[in-house]
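One structure, pasted below without further comment.
Should a chain be cited, it is by its letter among A, B, C, D and E, assigned in written order, with residues numbered from 1 in that chain.
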């Protein structure tokens, strides 16, 4: 969740390919799916000697690249599809701000796949780059957290699916839609955490509650940074800025935009819910301090005068008439009870007890 | 008031119909009203074998669907009126952000009906979807909290009502107007709660007051999320973005827009009123802590020196000249009174008492 | 200053006339002034059987309606001048947001007259509606707080006044100008209150100071809600959106706009001044708590060791060599003085005293 | 620095001349400078019987009016140069919001000269009005704080100065530039004050520090109100909205705009620096309270058990075996040392001491 | 990191050259690089008698000026390349707000090079001015912190570099890119500091932690002021506002814009992370105060009643029956144990211990 080390790129020529991600090791996996309404062929790609797509066929080709460690693969795609070196650099620089850029021949979309690690409770983010051409779509994943596009792949297997009848722009929508739907999942989990903390705040707030609030705040901040630019991306796609987007897909992209706005709305609502919580905690701590101080004050206010009283008759003066008196001791006991009772009555009246 | 579980939809194809609401059980009720200036016919619809509206009649048809559990009904409406699967999906996904979308043939408006549960003091929200066609209007309610459109129905029964003389766009306005008017009702109730809390804050603030403030803040947040997008909706309708809105209705939609802005203004004012309250509470807690500490300090400052004094003459030294003195004891009593009085005078001067 | 009960209108047809104000009782007073450069006729109107203005005369007619209780009067004006039912409804709904709406034939402006009740220190607001026609202006006041337009009336009596030579749009400006000028008056009074509180904060802050700050904050909030939309109103008028505004008047409306912006600037400055005050109060309370605690700690730190010392020699052990010593008692006294002095020196060094 | 009494104008006709400033007494001084590239004539104006500028000469005429008490002077300028009564009113109303207004024949610019009183540390503001015509510029100062335009006057005396070769619009720029440069001076002085307070906060914060922070906050607020509208003014001038601004001057006005933006940037930076300071102070007060309480607790925790111990052996029971023991007293001393030492060790472990 | 003394310029004519930086001493170093695809010549410039670039050659000339002390050099460049005096003034005034200004013949870009001093942890800023002409680029550095353009120079030595094949606008991009990349470096270092503070906050917060938070806040503020305007600069360059920017360079400037937005995003995220930290600290201080007070209260609540008890039997009354009782002393001991144990049990139940 920390800031990526972009500094190792400082001063290099733009377009120099350097991988910034964590999973430098691990093989790069390439999967290819070719489909139209009636046919579908899916196979892993072993070697990348030839360009995978080039022929002007009516089929749609989807190449999914999992893992960015093999720079050779990237260079190959670059030269095959005429992808600009700066785009290749962006694909590797896995701290990209979500954006959509139209390069005429192809459309480049980059965004984050977010998952919440169930054990550590930490957010993980994986960069997903999508290059949409006339009849192909290439997707690049960092390859860290399992394949998020499995659901789309299984929908493709269904011949009746609208996905099969439409172009690669609809496939782009399907992939983006899967990612945005996952954001809802993450936000729901965070909302559950927030409700747990609310219960804690009411029931028995501890310093650990503050830690949880702070952790959630950071996660919200992280999500805010990762998701906020998406609004612009979705809005741009829906306005059909690029001619690679067909008319029939626009209505679906508008739907995607609505979902994105909803995600951001929910995110902001959660952030505002969190923002007031620390004040509640502080007021609860103040209240407990008040309670503690009341106990101390009550005890001191009752026993300090009494201690003075008994100390008085512990003095060794020769001439102290009361000491001789037979009921002196009982008078002191009575007086002590009166003082103690009076104090208690006073505190009751003040609503301290 | 919590975040809806949208995650169960993650990864499904867009347009897949899944109901997200609470009231999955319970029958779906359909009511049909056909009217023009001179005639009105209202009847419940038992079976939906035929399309309810299709004929190009001059009458206005209003179909009200109460309850979203029966997906078959929705599919029927979808095919009869050519409603896009994404719209049907939105009708079912009851966590929609308020919006108005023009699909050419029809206009889709979705917003929230808000009610404040009198007993639990919780806000409830029910999604209302409205589909406006050339000569019909279909309204979908979740069917949770009684029929909010009863008032419009009774106005329709009045032959003199302007409602009867105008098209379905005016009916759309009437339904929206009823909903926005209900927002005022909810805001007034919340304003009353806020004034109660203000009185509490001045009179006798307790930790429970903080809970109330926090609950109200959450409710405001909930309302903010549910109502804020409405401004855009009302503004769009009033600008007559769609050709289904007639000129004569525009002035009424402008009025609706004014009301919406007023609702949002009031909401923001209430939020700001709440935002300062926790500080008032904290300052009141601090003040009381100060009071408690003053009492403790006064008591300690008076009796600690006195205890020392009487302890001094409780010592068992062989040679302590004062002990022999006849007035020694009385001198100690006098000295104690002087010390105690002096301290009280000092605190009085410092305005502690 | 509370939120008006708009809920009683919920569900009624738009254009239904219901009065929402406080002063339902009390007669409605109508005054008519007809003037041009050379003539002026002012008279109260007893009955409203005929339309007051209709003839296309070069004179300007100003009808001022004081009190909104008589719905018949309103309906009469509605039919005489072709005022839309929604406008009539707005005139009666005295919680209108300030706005200016152009209806072609006439221009409708609604805003608030604000006064500060000298005794209770509460803000009062009265809705003023202005309907500007080709050769007439009708003003509606709630009729609560005296006639605010007296100053304009007396200026009209002066034959030399520019007001006499110009049209009803200039009269509109004159009335708006009087109202905006009154805002300055109210803001000055509130600024005085704020300076009083500042002096209190520095001199002797009490819990009552917090109350005053909170009251002022609420009043600022109230003013913010009442005045903020005015910027848009004044800006629209100055841009000459309506053709009922003559060119010669525009320069005066620009001046009005400048004044409005100045009012809002001052309001925001006052709000920001208030916003920091509670923090000052809290820091002052914390400081005083610190002072109290220091006194307590100094006393305890001096006398607790001393009490132990004298308690030590109050023990009844058989064999305690010091007790036999002739100067034992004086040594204890000396030791006590040394301990006490040492503590005081220590606290001095720590700058506690 | 307080809010000006605009209320005395309430209800007067617009264009009524009333002076709102402080320096009502004191003579009005008028200075005239006529210059072109080769000639310069500067002289005080004693009587204003004739119009000072009217002839269409190629020379530039600069009339500087110091002091606004003499309304006759203003009326004279008004009639001579056709200045609109509302502009004259604005010149006198010395609480104007900075603005630039184009009246075709002339351009009216009003802004604030700000100075920081070295002794009281208070900000003073003086209104400066500038009327730019085809071949003249009239400047009006309140005449409170010395002549701020002296520097421009001496530059005019230099025949080589670019100022001499250019029109009155360049003179306008020169005067505005002098004023904006003075803002930097004031901001630097305030920045010094802020750094002093920072040192205090770190070294030895006192309640007086809070006062200083609050005073600076108010001054920032005052500056914000006085300077913020200037951005718009400078931006408008630079866009060459008026035809009285020549092309060659535009590049200088763009420079002026840059300076203005820089002033506002610095102002906002200073405001943000201040905004966090009170929190630092509060955390420092809390820390010191913690320290005080630790001392108290340490003392009490050590001596309360000891007092109980010695009190125990001060009891007068007949049968207390320890009292008879020869080493009883020394055991008590040893025990006391152990208890005290143990407590100290415990507090050391807890890092309290 | 403090505010620069711009005041010494107050009142001078615009275009007057005065150096505001720190490094007034120190020689001005001039380096010249001439290159095209096949040739490259780099040499230091000793004397500046002739204009360095003037001939319309196809080579690109890059003049780098290090140090601004020698005003003569600047004047020379001014007259050789027709640079406006105001631009020269801006180059010297080293507190410029980042901006890009198009002067037709040349484009002027000014921004800040930021470095973080490793030892003191302070941010240093050096102003970099770039003047882009048709076939030349002149860069001005303050010359404080080593040559930041070394990396670009070494890239120029590589004949294959794209840099060699393109115009001076691409060189401009390269220089800007190096500077923006350095911002990432600085932000990463600050992010590390923030994570250190987070660990401190959780582990063992001290008053020094508050100091660190405050220092970081100031640094963020400093960066915000220095970097925020850059967005506008990069956005303007990418929109190709100037005709000195060739089409082939635009895509690289768009990339630069993306990087700039990413820098600002990261900066804001860091600022928000910091903003919540002081609250965490305060809540931790409050918690510790609570702990301290609990210890005090527990001790006092146990030993005050006990002290009263033993004081009671230390009284010297003649008639106190318990004193005679053989087990009196042991009863007191037992009672003391019961009271102490009871109190401990009570505190355990309240979860104080």
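Heads up, the rule we're going with is that contacts are C-beta pairs under 8 Å (C-beta built on N, C-alpha and C of every residue); 3 or more make two chains touch, one makes a residue touch a chain.
Everything numeric in this text was worked out from a predicted model, so none of it was measured.
Engineer: Can you tell me the C-alpha superposition angle of subunit A onto subunit E, nearest 5°?
Structural biologist: 70
Engineer: Using the average of all C-alpha atoms in each chain as its centre, how far is it in Å between subunit B and subunit D?
Structural biologist: That gives a centre separation of 42 Å.
Engineer: Express in whole angstrom the distance between the two chain centres, defined as the mean CA positions of subunit C and subunit D.
Structural biologist: Distance between chain centres, rounded to whole Å: 26 Å.
Engineer: Which parts of subunit A, given as residue numbers and ranges, touch two or more other chains?
Structural biologist: 282, 286, 289, 293, 296, 300, 304, 307, 311, 314-316, 320
Engineer: Touch graph across the chains, line, ring, star, complete or other?
Structural biologist: Shape of the chain contacts: a ring, since each chain touches exactly two and the loop closes.
Engineer: In their shared complex, at which residues does subunit C touch subunit B?
Structural biologist: Residues 2-3, 5-7, 9-15, 84, 86, 90, 95-97, 99, 101, 207, 210-211, 214, 217-218, 221-222, 224-225, 229, 278, 281-282, 285-286, 288-289, 292-293, 295-296, 299-300, 303-304, 306-307, 310-311, 313-316, 320, 322-329, 332, 336 of subunit C touch subunit B in their complex.
Engineer: Taking the touch rule as given, give the residues of subunit D at its contact with subunit E in the complex, in rising order.
Structural biologist: For subunit D paired with subunit E, touching residues are 151-152, 155, 161-163, 173-174, 177-178, 181-182, 184-185, 187-188, 191, 195, 202, 251-252, 254-255, 258, 261-262, 265-266, 269, 272-273, 276, 279-280, 282-284, 286-287, 289-290, 293-294, 296-297, 300-301, 304-305, 307-308, 311-312, 314-320, 352.
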